[in-house]
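The two complexes that follow have subunit A in common; it is paired with subunit B in the first and with subunit C in the second.
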Partner chain A sequence: MIADVTALSTAIGLTQLPLLTDVTIGIARVVLDGLSKAALFVLIASGLSLIFGLMGILNFAHGSLTMIGAYLGGVVMVVTVTSDTAGPTRLLLFFLAIAAVFGALTAFGAAMERTIIRPIYDRAPLFQILLTFGVVLVLDELVRIIVEFRGLQPQSDWQAAIGTAPDSLSTWYDVAGVSIRGLYLFEIAIGAAVVAAIYLFLTRTRYGLYIRAGSEDPEMTQALGIDIRRAFTVVFGIGAGLAGVAGVMLMWDPRYGASVPLGVETLLIGFIVVIIGGLGSFKGTVVASLLAGGTDATMTWVFQNHVPFPGLPEMVLFVVLVGVLIVRPQGLFGLAEVGGH
Partner chain B sequence: MTLLRLDNVHASYGQSTVLQGVSLEIEAGEVVALIGRNGVGKTTTIRSILGLTPPSSGTVQFRDGDITGMETHDIAQRGIGWVPEDRRMFSNLTVDENIRIATPNPANVPDAFETAYSTFPELTEHRKKPAGDLSGGQQQMVAIARGLVGDNDLLLVDEPSEGLAPLIVDAVAEAIETVSQEATVLLVEQNFPLAMELADRYYLLAHGTVVDSGSTEGVSRDDEMIRRHLSA
Partner chain C sequence: MDPTDDRPTESVDKTHDRRGAPIDRPTSARDTALRYAETHISHVAVVFAFVLYPVVYSFLLGTPLGDEFAVLLPRIRTMIAVLYLGLFAMSFDFISGYTGYLSFGHAMFYGTGAYLVVMAANGKLPIVSPETPFFVLLLVAAALAGVLALAVGAVSFRLSGVYFAMITLGFAEVLHVFIQNWDRVSDNPRDGAAVTSPDGFELGVPGIDGLTFEIGRLVGDSVENAFGLGIDLSSAELSYYLIGAVVLVCYFALQRIIHSPFGRVLIAIRENEERARAVGYHTFFYKMGAFAIAGAFAAIAGGLYAGYRRSVAPESTFDLFVTADALLASIIGGFGTLAGPLYGHLFHETLSGILSTDSDGLARYLRETIPQSVLEAELVGIEVLRLVNVLIDGRAELYLGMIFILFVLFVPRGLLGSVRDRLGGTVSEVVAMRVRQWRKNR
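Moving on, here comes the complex of A and B:
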């Protein structure tokens, strides 16, 4: 989560403009850094949030699905990209990878809901936690076996996949007098596009209407003739697909990269964001991503300039989480009883 | 023609049995009141018709089909609407969206708006507001409108006057009368005079079973059975 300190400072040093004060640059840099982190957070958390909102299921396997998405996306890129592949073609292949991974993991999520989640809706949350945690163990171990079999080190980032990103993304650009890596701008764009797509799906489509209604009152929704079980399957699938999309994005980011521990790392972020925003509220998830991204970026800046404690950003994130839980236990935009059955 | 027939319906929540053999019939076009004290199983009767609390034994027939044990959304699609106790608004959805989701065929949404807002002109100015921001009376209107636009032959209306000011109760009563011209109504109502005024017939429930029934004509609170099973 902590940005590459040396790279950042060198870059800032190179591009500092005489007209801007250090403070302005500091703020602009924190804002851009915060937005890029928020974009990743919202990608990681939105599927988790949709699933919990409608079904009240805390899907512990969400991070593992992100991890699988990262590897699958990496496979698509590593197989198709050669050293001669031009930048625009690489971007195009990346979008194909996103589409393919979204499709594959949506199907996987839907199958998972139909086979193992469906029988335990009426059980206590503990059963759902144990079950989805069991899925984590199985998936992580399967991936570890396959990755080792292919001669890769499962604990460390898949460098070959990171290397398929076009040069334009590792270039540093000048935005508002601040130098920012192309990749981070790309992440901001992808994050914004995914938020817009989910928002339009929820507010402009009939299925989105079912989901918003079902999140509030599944019984009443059924009594209006809507097959809520089918909506559960669809949403679990879409949520898993979104986890995969997050993974594909992280596969290119040297701060993350495709590795087996990515699952646990992103699951933690996902839970922090979803809980701060309020379980089940998509608006809350977006706002909490911005808040968490901003906090992380600010604290990274404080750490780099004032307080020599590398754990600061993560620690303050947890302080924010605890603060929100004390003041508003249901989260910023959460309904007190959401997800209940 | 008999629209709905319950035959010896039993239902329970976990260990506690609530319905111990409810049998009743509703003819098409009727308004039938289900009366009785709190906890005798009026709401559970409605829930068992809808499949929300499926009968453990007995049968529910709607038109000529047996709907016992069917999924709630299948039962609803056959033309049974629910105006539940406490109104059950989708409070984060706008009034328009509450009407939209209750309309089975998306192509009919404009007609549904027309039906809803001509029946309840008061709602017109609140169409874009979240339904949760409306007053209790207005929410009841939305709840009834949802039942109205759903192409329902039978409406199950549960405690529509509960918690409303007397003036609003009049408006709601009027709305139910309007609705009853289009659909058959099974009405659960604590307000005894109101129930008798709106309904053609009544069933009196006690301890999870029907103890009395008949025409509402000339029935008063002082009748022996009613007094015994209704007054506190």
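Moving on, here comes the complex of A and C:
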């Protein structure tokens, strides 16, 4: 790394300013790292944000759905990919896995909403937290049973699934003087694509319109003749499906990987992003993902270079969450009246 | 804030209440004492049941059905966990069930208490020396957690509902990550720390040597022929009684607070905070007080846990799932009932015990008693033995999660709450009323 930097500085005639090059390369590293993390964060949080925005339900089972998505995606990949499968075919199978997992979890989410969430809409928000938390316990344990039954370790990452990524993604590329894993660039692309897809869904489709209207004023929306209950089912399903898509992406990432603890890990990230972004604002979720990704990357850099405290990035993220709740409880782009309801 | 404000104004007619029903006032000092005793009949009965449990347990294990009882009944060691985790769940219920503010980071107070005890015993803390008596450590832990609760509450009580749950969770996670990486805890803070000294923590009547005993797994004292009554107590039984005594004192303290004017205001906040404020209560200070009290008792529970287990780990103290245990216990036992969470936790531990992988779990029992031919037979294409291993062995969380969901959906008041609904009052009140009627009619 250091040798590369020196060679690069010599090549572009900046030997007399080594400090400046270090700084720019440090910034480029943090920016790229931050973007790849932000892409994952927005994948993790967007489903949670849609549900929270429309229905006001903080779905504690979101992380578990991501974890299930990671395992399901892993199953598709491990079953179909052999050691001879070429890189492009693997990518194609990956997109198939995303489509399959999105479909399966959308159906699951819609069924969950119809059976157990619907009866408690009129109760205190506390009960929705409690109920979805119960779902976490059941889903995590069910996955643990199945994973153990297949002879895998539920606590550690599923290495076979990570191994199905094509070689082109595990090699390192040189971008702006920084070497970055191909997978992280791929994650940035997928993250951007999903954000674009959700944006188009919200602004260009009928259900997107219902969601935006329902987030602003559910009663008025209903009075205008829109079946908001059906919209709830659809949105809960789509939110669960998006959680699954995030899971499929994380299944390839060696920093995460398919494991049962992935559920809680991603749930906490989702909470941070949704709360910072603000209730009912998809724009807020995207900005908050960038903010959280940037914070995580910066703090990782600070930890690696200055402060010998391994938990620093995670801790600072929670400090940011607490800080935002204190200063601006409605989040960056949320409506002002929430927070004290 | 004048404390006398809390009292209801005395009506002019002192023999009838506002609705015109005659007020039944005590007629003499003896009557007052009797009435006081009546209201505590159910408490005495419960305490008696807990005190007798070890005796009954060892008796039942000696009967011909001993193996079956060993599977179904929680062990004394498990009952100790019921006590300290039950206290933790009660402290959680105190703030969440009574004020309606869900303290989703409650594990931070439990963890503070637990880490304070272990780190103090290892001499890792300033001011608190390793020689400090255990009950003083518990008090220090309570005070520290109370201060922590005030600091967290000062900013958190500006929010409510889901946002309050989130901000307390945020604080707890900050501390969770911190404790996982704080190298002062031990060489490997991710795995927690253990007490290095071989001596157990002492509990008992302070100042009297003969009535002070060491608690703890493996290191606790045992007593032969206690008080010359011919009662032998194993170390687990002795720890059970000593920790039970602390939990009992804490329960009565919490119950006393709930039944005080202060506690009534907490319930008013839960039912309608705006109205409570309109009536003139500065609800912020009541919430802060309640949070500090709940934090302090959670720390005592954490201290008892550390004192008995003699080691702490981040995932068993500061973790979100520790709060979740209290949440489960509160919902199953009855949210806003104070005693309910203890029963809820008893239910939790009993189920975990039955489904545990230990020697007196159901799975091992089935493997030993079901004939080999049945175990090897196939049910829906899978070997019965494998089904037992996968579906029963250590699977308490799965069934508990399902039961929890069913409770949230269909029994939102919990076990004790439903009993109270049916009786039309708390158990102790109803029992007292029945006894009083029986005394009158005699």
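A few comments on the model shown:
We take it that the second predicted complex is superposed on the first by the 316 of 341 C-alpha atoms of A that agree within 3 Å, B and C clash if a C-alpha of one lies under 4 Å from a C-alpha of the other, contacts with A are read in each partner's own complex, and residues count from 1 in each chain.
By our rule, a residue touches a chain if its C-beta (ideal position, glycine included) is under 8 Å from a C-beta of that chain, and two chains touch if they have at least 3 such contacts.
Remember, predicted model here, so these are calculated numbers, not experimental data.
In the superposition on chain A, A:Arg150 makes contact with neither subunit B nor subunit C. When the two structures are aligned on the shared chain, A:Arg206 is found in touch with subunit B, with no touch to subunit C.
In the superposed model, A:Ile326 lies in contact with subunit C only, and not with subunit B. In the superposition on chain A, A:Gln222 makes contact with subunit B only, while subunit C stays out of contact range. Judged by the number of subunit A residues each one touches, C leads among subunit B and subunit C. By the touch rule above, subunit A contacts subunit C in their complex via residues 56, 58, 116, 119-120, 123-127, 129-131, 133-138, 140-142, 145, 148-149, 264, 268, 271, 275, 309-311, 314-315, 318-319, 321-322, 325-326, 329, 338-341. By the touch rule above, subunit B contacts subunit A in their complex via residues 50, 52, 71-73, 76-77, 82, 84, 88, 90-93, 97, 100-102, 104, 106, 146, 150. Contact residues of subunit A toward subunit B in the complex are 206, 209-210, 212-213, 216-217, 219-229, 335.
For subunit C in complex with subunit A, the residues that touch the partner chain are 100, 102, 104, 155, 158-163, 165-167, 169-171, 173-174, 177-178, 180-181, 320-321, 324, 327-328, 331, 390-391, 395, 397-398, 400-402, 404-405, 408-409, 412.
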